[in-house]
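Take a look at these structures.
Okay, so subunit A shows up in both of these, paired with subunit B first and subunit C after.
Now for the complex of A and B:
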């Protein structure tokens, strides 16, 4: 059930009406039923996968919490009788008892994800290397498996670390895992944050609901008016790489940057807006990413919950693990302080970016995309002292225009790396970027030739106006550090209603749907 | 505390670490800095900071970080 389908709108309306008609204590149960229906819509058989993850993670979580609670109770009652060594040994013993449940559940669920998502990729590579003919297993990919597996494993790690108390109610935990607005493209919520509002009783609050509707309408606008319209241009340009080179590659970088932003952030706007109309608060997944001044900042503003997941659950634990600290010490003793300081960071960075690439898809283009991000983040870290000297020597770099230059540079750098996602082929991607410097054609992209790319003059105009609106909204967000909706809400109900209506009309009139269009799946659904 | 301030100043000489309590909130320390810091602390104080302690509250100020080191030393 696509967010942009009539089925989804009907489903959402029905759920919304029921949600505020039934007794509030049953609201979360209705959301669970709704989430099950939403998931089953993609195929009843897929319920088994999400069911296994839900039940195993819930059970392991309750066992881990149970051991921890019993251990803490005993510790509190007897700590006066224990010396320092005995206390340490007791705590280590409790940790050891929980480790078995933790590792078994983690390996099982990551194993399911690995088998379903990556088996054919491994077979393909084995066949290529050894000239084999092993048949593909062609597992059907359960909807949102990467998202719900990461969400569940984040919960499990938090419980194991003692940061979160396990949810004892299986149905409540099932709602956390399967909550329908975020099942297909995130955000990858943390249990402690989402549970604050997920199970609560929510009164009909017109202000909050109007605000949520505004966000949903803005999401539909970005997806249907901008992203799906530009899709035709991206498809045309990427289908014939030998024909569209040089300046056209710059054009496709620009088109895809806009399309992906409008598509992914539009989907997240719908997700967060849907949450708001039900009174459920979710984390922001994007905060003006294209205004980032360097790649590190970009990754704290783009797909925030995924970046935070990799940072908290892979980068940090790996970097501060005992073997890594020993390696750092050894490097420091044998190769100097500078190497000792860097070695753990760089190894963990390589692992994280490899995993991030692989998480996006079972293909080399995603892995190379991840490794390029790794190279740029490391280069950027190494060049920081140089940048500081440069900025000190040239005071003009403190001015606003230099910030804009840095944003421009980061936008194009990230766009160029993202080209791997467009061509889905590593050699083609590198070759195409190379043609920017070897092949001209700059005149073509400023001529009527651009009207042969699947976009009419009217399409360009609509996209241009859409982009101006997105930039304006982003500037407000960037400057006031708050959503533009606050400004509309201050002006009252008439203003908010007018904005919603304008957006709805804009989607109805300018949306890329109906005859000749096919409202496409959100790009991130495939991950 | 002096040793810790020295380690922090090595990372960012331009920051006054005696006064700042928004090192994470204001993005003065990024994830690379945090790991460099932890390896330095491990080497200087012989304390291993576990991943679950890497939270803004422990890294927002030199004082908070020092309190964490003392707590971990006490546990050891």
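Now for the complex of A and C:
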């Protein structure tokens, strides 16, 4: 059930009406039923996968929590009787008891993800290296497996660390894992945050609902009016790389940057808006990412919950793990302070970016994409002192235009790396970027030739107006550090309603949907 | 206080919904094709509702119906009242549901079905579906026809709300869309689409062998349904193959139709075998190289068919009924006005500018 399908709209309307008609204490149960229906729509057999993850994680979580609680109770009762060593030993013993459940559950669920998502990739590489002919297993990928697995494992780690108390109610936990708005493209919510509103009783709040509807409409606008309209251009340009080189590669970088942003943020807007109309608050996943002045800032603004997941559950634990600390010490002793300081950070960075690339897809282009991000991040870190000197020497770099220059630079740099996602082939991607410097054709992209890319003049006009609106909304968000919806809400119900209606009609009329358009799922659905 | 707040809330919701509905309706009217000067056959199906009732003969079928027979001429010659419920590439299940709907409005003495659509066993083309289905009034017949006709790319909802289908026309809007937003244009003559221009047959299409000549099960299923429906309503069903030389009508198809008509005791007329008897001259009686007849050909067909209907089916002459005469006189006047106007346009422009014709050069011929 695509967000942009008529089925989803009907499903959402039905659920919404029921949600506010039934007694509030049953609202979360309705959401669970709705989530199950939503998930089963993609194929009832896939319920088995998410079911296994849900049950095993819930069970492991409750066991871990149970052991911890019993341990804590015993510890509190007998603390005075134990000396320091005994206390330490007792805590280690409790930790050891929980570790078994933790590792078993973690390995099982990451194993499921690895098998269904990466088996064919591994087979493909084995065949390539050893000239083998092992047949692909072609597992059907369960909807949102990367998202719900990461969400569940985040919960498990938090419980294991004692940061979160396990959810004792299996049905409530099942809702956390399968909550339908965020199952297919995130955000990857943390249990402690989402549970604050997920199970609560929510009254019909017109202000909140209007605000949610506005966000949903804006999401549809971005997806259907901008992203799906540009899709034809991206497809045309990427289908014939030998024909579209040089300046056209710059054009495809631009097109894809716009398409991906409108598609992914549009999907997240719908997700968060749907949550809001049900009274459920979700984390922001994007905060004006194209206004980032460097790559580090970019990754704190783009797909925020994914970045945070890797940082909290891989980067930090890895950096402070015993082997890494030993390595760091060894490096300091043998190669000096500068190297010792860096080695663990770099290794953790490499691991995180490799995993990030792999998470996006079982293909080398994603892995290389991740590693390129790693290289730029590290290079950026290394050049930090140089930048500081440069900025000190040139006071003009404090000006606003320099900020714009940095944003512009980061936009194109990230766009160039992202081209691996466009061509889905590593050599082709590098070759195509190379043609920017070797092949001309700049006149073509400013001529009528651009009308041969599957986009008409009217399409360009719609995309241009859409982009102006997206930029305007982003500027407001960037400057006031708050959503533009606040400004509309201040002007009252008529203003909010007018904005919603305008967006709805813009989507209905200018949206690229129906016969004649290639209906597409959200790009991030596939990750 | 609580009551006032609730009241205000309901008013706000109703007002927002009303604005939405009004806007939706407005844009739907604006963006739905008007078929005024181009693809004018897109208005054929809806045209029936202004003329429903009082017809002794109903023709159903594809373009071989609505371009090949002139009901006005049949009236003038024999006093037979008839209507053509034809549409472009009308599939057999669409014919069935159109007939089912028509029989809700009137019960004719005879129904003539053009059998060319027997060759289609599955939904074909969204654009043609629209030409048949959009114009139908909402009824269980329309719902069933949509469901039977939809191709994979289509959605039922887009038939309920055509804006969902035609929204992308915003970049093609012309003055015609505004002018005919709330009104139609009279263009047809009891379902007949008039063309007076001539483009003779220059060559006959070759009969390319087909892998399978057997008509499909679905096609037969709906032909059976048409037969049963006519029997149930006491209407005589006549099967017809119009005298169009293209698309090719195969001998193997002909055998199946002959066999079917004999088995079901139906009259079957293949006009391809009666070209000389009807008097059709493909040098003067077609406007598109033999695919369809022009006015001259359609009138010859009406003359032959009217005589047949009267003699073989006992269809009555209504020229003695003042009320019917008055109604048909008005239509006859309009028919001859258009005929004169088409000849005038043909002379002035060399093609039928306002009637769906195109300059010969535009077609590269």
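Note that in this section the second predicted complex is superposed on the first by the 527 of 527 C-alpha atoms of A that agree within 3 Å, B and C clash if a C-alpha of one lies under 4 Å from a C-alpha of the other, contacts with A are read in each partner's own complex, and residues count from 1 in each chain.
Keep this in mind: a contact is a pair of C-beta atoms (placed from the backbone, for glycine too) under 8 Å apart; a residue touches a chain by one contact, two chains touch by 3 or more.
Bear in mind the structure is a predicted one, so any value in this text is a computation, not a measurement.
When the two complexes are overlaid on subunit A, subunit B and subunit C sit side by side with no clash. Once the two complexes are overlaid on the shared chain, A:206 sits against subunit C while remaining clear of subunit B.
When both complexes are overlaid on chain A, the residue A:458 reaches subunit C alone and has no touch with subunit B.
By the touch criterion defined above, A:505 lies against subunit C but remains apart from subunit B after alignment on the C-alpha atoms of chain A. Of the two partner chains placed by superposition, only subunit B is touched by A:322; subunit C is not. When the shared chain is aligned, subunit C comes close enough to touch A:497, but subunit B does not.
When both complexes are overlaid on chain A, the residue A:345 reaches subunit B alone and has no touch with subunit C. When the shared chain is aligned, no partner comes close enough to touch A:99: not subunit B, not subunit C. Touch counts on subunit A: comparing subunit C and subunit B, the chain ahead is B.
Following the chain A superposition, subunit B and subunit C show a smallest Cα-Cα distance of 40 angstrom. Put simply, subunit A touches subunit C in their complex at residues 6, 206, 456, 458, 493, 497, 500-501, 504-505, 508-517. Of all residues in subunit C, those touching subunit A in their complex are 9, 12, 16, 19-20, 23-24, 27, 31, 126, 153-155, 157-158, 163-165, 167-168, 170-171.
Looking at the complex, you find that subunit B touches subunit A at residues 14, 27, 30-32, 34-36, 38-40, 42-43, 48-52, 54, 75-76.
Partner subunit B is touched in their complex by these residues of subunit A: 88, 161-163, 296-297, 300, 311-312, 315-317, 319-320, 322, 325, 328-329, 332, 340-342, 344-345, 348-349, 381, 388.
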